[in-house]
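Both complexes shown next keep subunit A, but they swap its partner, so subunit B is in the first and subunit C is in the second.
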Partner chain A sequence: MGANIYRNKKPALVFLLPAFLFMVVFLYYPFFKNILNSFMHLKQLGASATEFNTPWYTNYEEMLHDPNVWTSVKNTIIMMLVTLIGQVGIAIILALMVDNISRGKQFFRTVFFFPIVISATALGLMFNLIFLRDKGMVNQILEILGKQNLTDWKAEGIALVTMMAPVMWQYVGFYFVILVTGLNNISEELYEAARIDGATALQRVRYISVPLLHNVICTCSVLAVTGALKVFDLPWVMFPKGMPLKSTFLTGTYMYYQTMETKNVDYGAALAVLIVVLGVILAKVVNAIFREKDY
Partner chain B sequence: MKKKVISMMLAGAMVLSMTACGNSGNSSDAGSAASTGGDAAAEAPATEAPAAEAGQETEAPAAAEGPVELVVTTTFAGEDSNAQNYKDAVKAWEAETGNTVVDTSATADETFKTRVATDFETGSEPDVLFFFNGADSNSFIEAGKVVSIDEIRAEYPDYASNMNEDLITASLVDNKKYAVPANGYWEAMFVNTEVLDAAGVAMPGADYTMDQFKADCEKIKAAGYAPIAAALGNIPHYWWEFAIFNNQSPANHLEIPESAADENGQSWVAGMNDIKELYELGYFPENTLSATDDETFAMFTEGKAAFLIDGSWKVGGIVSSCQSDPNDPATLDTAKLDKFDVTYVPGKGSRKATDLVGGLSSGYFITRKAWDDPAKRAAAVSFVEYLTSDEMVPKFAQHGASALKNAPEVDASEFNSLQIKAMNMMAGTTSLTGAVQDLFAGDCRVSTFDGMPEIVTGRVAAEDAVAEGLEAYQNQ
Partner chain C sequence: MTKKKTLSPGLIVVYVILIIWALTTVYPIIWVIQNAFKAKNKILENSFALPTGDLFTMANFRKAFETTDIFGAYKSSLFISTMVALLVVLLAGMGAYALARYKFPGSSLINSLVIGAMMFPAFATVIAVFQMEFRWGLANTGSWLRNMMSVILPQVAGNMAFAMVVLTGYIKGLPIELEEAAYMEGCNAFQIYFKVIMPLTKPSFATVAIFSFLWSYNDLFTQSFFLRRPDMYSITMMLNNISAKEGTDYGLMAAVVALIIVPVIIVYCCLQKYIIKGMIAGAVKG
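Up next is the complex of A and B:
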């Protein structure tokens, strides 16, 4: 026996088995079952589908003609761009600024990270009050500044902005912490050498921090884009049923609406498949764009 | 080898522990079932002794020893007038019987209905539920997941015997009676008289017409208030019901049209177009398409909107808004409450203003799961009998109707001013018709409920929306 036990990998497989079974039961089985359900006639959650739709691809055909699907896909793509620019972009700026201060780094880390630990539902309710027409915090401030009429922040033209701003705000801290950790890994000697060579603070950021942060930014970007596909709770709390006029649906909220509110369970299953397909395609695209470099 | 065995055992233990965790939800059932294994059965505490009768549909299981835990879900939650009454009654029943109630009550909205339907589908239904007895209960009645009153009476002959049999609604599925009604409801128009006074509008009476209503709305709008508090993008239900009713009569309101083109279908289309007209006239709040029902209700209670069509359960919400502490009735500002009134919904055509929507649309169901559980059968019956007793029902019914055979005299001194106004208003009703939306449940409502913003903004023609809903209804 002796040292041979370290070469024998079979015990590790045994330990992997429970996790594997867990994944099969709670992820892969529902996943494949969902694909099957998207072709079946199913109008009650939890009920077993007994017959196929006629024709079996009805739901996918309907998706092509459903304007809400296109609205939700469009909004989701906008959400991705907002996430990428708003969350990762702002997080980079904040991380670089915090990295350049000598005191209070820990304070800012905590302050910026804090929204992540609050439940999205609670945040949704809070932002509902902030953007309340009569009279939320924003409208009160505008009134103090002299605005006469109340603004409906949930009206059709502006609803998307009102929905995306809190989502963006919530996750900035997440990417900020990742980026600050990445900045901490850059050797101080490089900055010192640049300083001796006469590099300004901006030049140190441009030629040292940003290039060496490239891989971390790529990781953040991939996380941000794939994360945007899954955003659900905060938008649903603020804009249930795609209010107003079904203009704020995201792919996730529309799938929930069809499944839970209209009891169109099989169509909801088809929308879930669409989300997976979109997720795989977008993840590939993002991985191709933000390819990590070897240093 | 020894380490291999240990690792196998550890992995096995992990799998077993996961399996055990998965079963924890049923532990009380399993435990209670195990406790009744013997033939010698002791009765659950303070429950009625079962009357064994020959020929009953199911055999009475042996009753359980010790206290029982009942899972109960009702609509007595949130702003419902009876939320506190229900809490008090549950507490009293628990004290009297030694049993406990796991209460999963929630506000009666579409999400709640979906939750209940899903619970039944997935086998996690409650033991007792106070739920709608219309089309919303069809799915679990079709699945045989609740017990009929007749089946319960085979073993408990006095079950619901204090109720007027004619007022217990039969199921749309099989015409059997399942739900024991507790309190009725009505839908009418609440009025903020402070806004009416400011706009120089008189309090509407029993002969209020839609034309008078529009004239009043115009004055209220000119005075800078929102005439109607309603969130058409969130809860258009009440306006939907009365707008259709206004184009029909009490005699045919509960008939669901064959198509949008027939006479009855056209009355639905006309109803949708009436709401569209009110929207275009600017009588709803500016943000009616983006606001929630809570927001527009707040406009009403804060004196920014004049009229609110809602149900009898809203009396509690209005009273709460007049309390400095919504949970403490002692903090009620009576002067503020006196400024609220309730009257009839403006009439049109064959529907008089005094023809209201109401009835006994909900009741207590006992689920098959609880009935077949030896530990819970008697306790579930005891719970429903307690909540529907001659003493308890009047507390819940308040200003509404009840199905009691011998309804006791109401002591008006126990009621606040709005409840008394409600009772006076109810005394003048000429008819009480059920809500057609209770028969038109599920996805058939989507095109005209969720689609109301599209209808009022003209993006979807009322005729198309009604036709879509009726088609979905025919396909159910």
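Up next is the complex of A and C:
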């Protein structure tokens, strides 16, 4: 019976066509065009490529000798570790805590989540004020605590910390909500049985919550690592053009810098290819490490 | 079994830690808002004081409205994001319906193409999309509407695949008997879609629409490629621009941030259940 309605396949074509056209025209075609662009010479953004670079792999050769590429790849990998350990780690602790309290669950859920809703651009401006050298919020707090000299949070050396802390902070609530949902799915009877057997709260967490949360933690880890590759807005607003001394570039911000600021468009295209390759490799690695288990 | 919980020392520690993290998410916003009401030279003296008495001033907000076209930016951003959300819901909904219900040669190929499309990072397509739209006369023109379209189209495409995956899953779970009944009454496939499927899929549409809207509203990367004329700035572009130009006027910065953040917080408080659901569903997006 069900097959009868959908035996005539023509409507399916009409239903699928618009969505499919969008994906082909604005995703698949530009994706391959971009790879081609990376071998061509582009005078400016918007100009069509007319000739190949000589030799055609010029941009990729330049990449090998470009110290900023190595800085940005290194920073991106650091960013990944920070988001993985910081975001997911803090989120696990907070989720386990909230799971064990009875009052205020909903409140904490709402409050922890809400930085994600605010644009990273606005948060970047906010953190510029918070990390201001001359009496930003952080330096004022440190002063009240008795610290004598002011810290320049945007100086070389510490700039990476100043950039990554807000990125990490913003998304903790995201993984927190996923993990809390996972914890809610664990049957109350298991805890009940453990309680009767005399397990302490910590033992219940260690032997029930954490093992049963394994798959959810894996999902979060994969999302955190792949998410780190997409970070752009907040670092660009806080540390435009890789300042200080081009030490804070991430792969995304460096690609933008080359394309928009130095107008080296075809090099930007090549960097975009690098981002994709990096993404594919990392996704494979992460999926191998955090393989989901069946229970 | 209801156990009366007493406030054990362990529980107090738990609450203290949770409240500390809650403070890190809430207090910075309050701090920025309160400093937006202080003269820029007073902020530096004591930023933790409430803006009362002599400290209070509206000068920053006056300057914010003078130096930036904040209403224009709101207009652009709301237009772009609303269009993105509407187009994504409409087109992805139709596509998802076809994927969920029709079996035809090549449907598994199309399925994998959709899943593959989720993986493209915006970095990898933006230059070529700009080239293409420039050739079409969409990008970098004097026309407001055409410039808006140049942002809307790639953003719709960017959200399409994720939306189709979410919606296909949902439509597959709907009972087919309703469609059969409608078919018996003489509805064709399009009537079935608009009269049966669409109303039933509303919750999932809301999830997808909210995510697409917020993603587009908060995006800086794509918009900074396509909206380069100051009179067409969206909110994120305006923020980025003003921080580059007037980044040292801390009072103005605080006021602008407050003007942008407060409406979002209000909307979030009203719709938080749906927003959280939408954002989590969007996690699969590349």
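To be clear about the criterion, the second predicted complex is superposed on the first by the 283 of 295 C-alpha atoms of A that agree within 3 Å, B and C clash if a C-alpha of one lies under 4 Å from a C-alpha of the other, contacts with A are read in each partner's own complex, and residues count from 1 in each chain.
Note that contacts are C-beta pairs under 8 Å (C-beta built on N, C-alpha and C of every residue); 3 or more make two chains touch, one makes a residue touch a chain.
Remember, it's a predicted structure, so these values are computed and weren't measured experimentally.
Chemist: Would subunit B and subunit C fit next to each other on subunit A once aligned, or clash?
Modeler: clash
Chemist: Is A:245 in contact with subunit B, with subunit C, with both, or with neither (first, second, both, neither)?
Modeler: A:245 sits against subunit B, while subunit C stays out of touch.
Chemist: Can A:22 be said to touch subunit B (first), subunit C (second), both, or neither?
Modeler: both
Chemist: Which partner does A:276 contact after superposing on A: first (subunit B), second (subunit C), both, neither?
Modeler: second
Chemist: A:169 contacts which: subunit B (first), subunit C (second), both, neither?
Modeler: After superposition on chain A, A:169 lies in contact with subunit C alone.
Chemist: Is A:193 contacted by the first partner subunit B, the second partner subunit C, both or neither?
Modeler: Neither partner.
Chemist: Looking at A:210 after the superposition, I want to know if it touches subunit B, subunit C, both of them or none. Which is it: first, second, both, neither?
Modeler: Neither subunit B nor subunit C is touched by A:210.
Chemist: Which holds for A:132: it touches subunit B only (first), subunit C only (second), both, or neither?
Modeler: both
Chemist: Looking at the overlay, does A:260 come into contact with subunit B only (first), subunit C only (second), both, or neither?
Modeler: both
Chemist: Applying the document's definition of touching, compare subunit B and subunit C: which contacts more of subunit A?
Modeler: Higher number of touched subunit A residues: C.
Chemist: Now for A:101: first (subunit B), second (subunit C), both, or neither, which partner does it touch?
Modeler: second
Chemist: Which subunit A residues are contacted by subunit C in one complex and by subunit B in the other?
Modeler: Correct list for subunit A: 1, 5, 11, 14-15, 18, 22, 45-47, 132, 134, 240, 260.
Chemist: Flag every residue of subunit A that touches subunit B in the complex, lowest number first.
Modeler: Subunit A residues touching subunit B: 1, 5, 10-11, 14-15, 17-18, 21-22, 43-47, 132-134, 152, 154-156, 159, 240-241, 243-246, 260-264.
Chemist: Per the contact definition, I'd like the list of subunit A residues that touch subunit C in the complex.
Modeler: Touching subunit C: residues 1-2, 4-6, 8-9, 11-16, 18-20, 22-23, 25-31, 33-34, 37, 42, 45-48, 90, 93-94, 97-98, 100-102, 104, 107-122, 124-130, 132, 134-137, 140, 169, 172-174, 177-178, 181, 192, 201, 223, 226, 229-230, 232-233, 236-237, 240, 251-252, 255-256, 259-260, 265, 268-269, 271-273, 275-276, 279 of subunit A.
Chemist: State the interface residues of subunit B toward subunit A in the complex, per the touch definition above.
Modeler: Interface residues on subunit B, with respect to subunit A: 1, 3-4, 7-8, 10-11, 14-15, 18, 110-111, 114, 117-118, 120-123, 139, 233-234, 286-287, 289-292, 295, 298-299, 304, 442-443, 446, 450, 453-454, 457, 459.
Chemist: Please give the residue numbers of subunit C that touch subunit A in the complex, ascending.
Modeler: Touch residues, subunit C against subunit A: 1, 5, 10-11, 14-15, 17-18, 21-22, 24-26, 28-29, 31-32, 35, 43-45, 47-48, 91-92, 94-95, 97-99, 101-104, 110, 113-114, 117, 119-132, 134-135, 139-140, 153-154, 156-158, 160-161, 164, 176, 179-180, 183, 188-190, 192-193, 214, 217-221, 224-225, 235-236, 239-240, 243-244, 247, 250, 253-254, 256-257, 260-261, 264-265, 268-269, 272, 275-276, 279-280, 283, 286.
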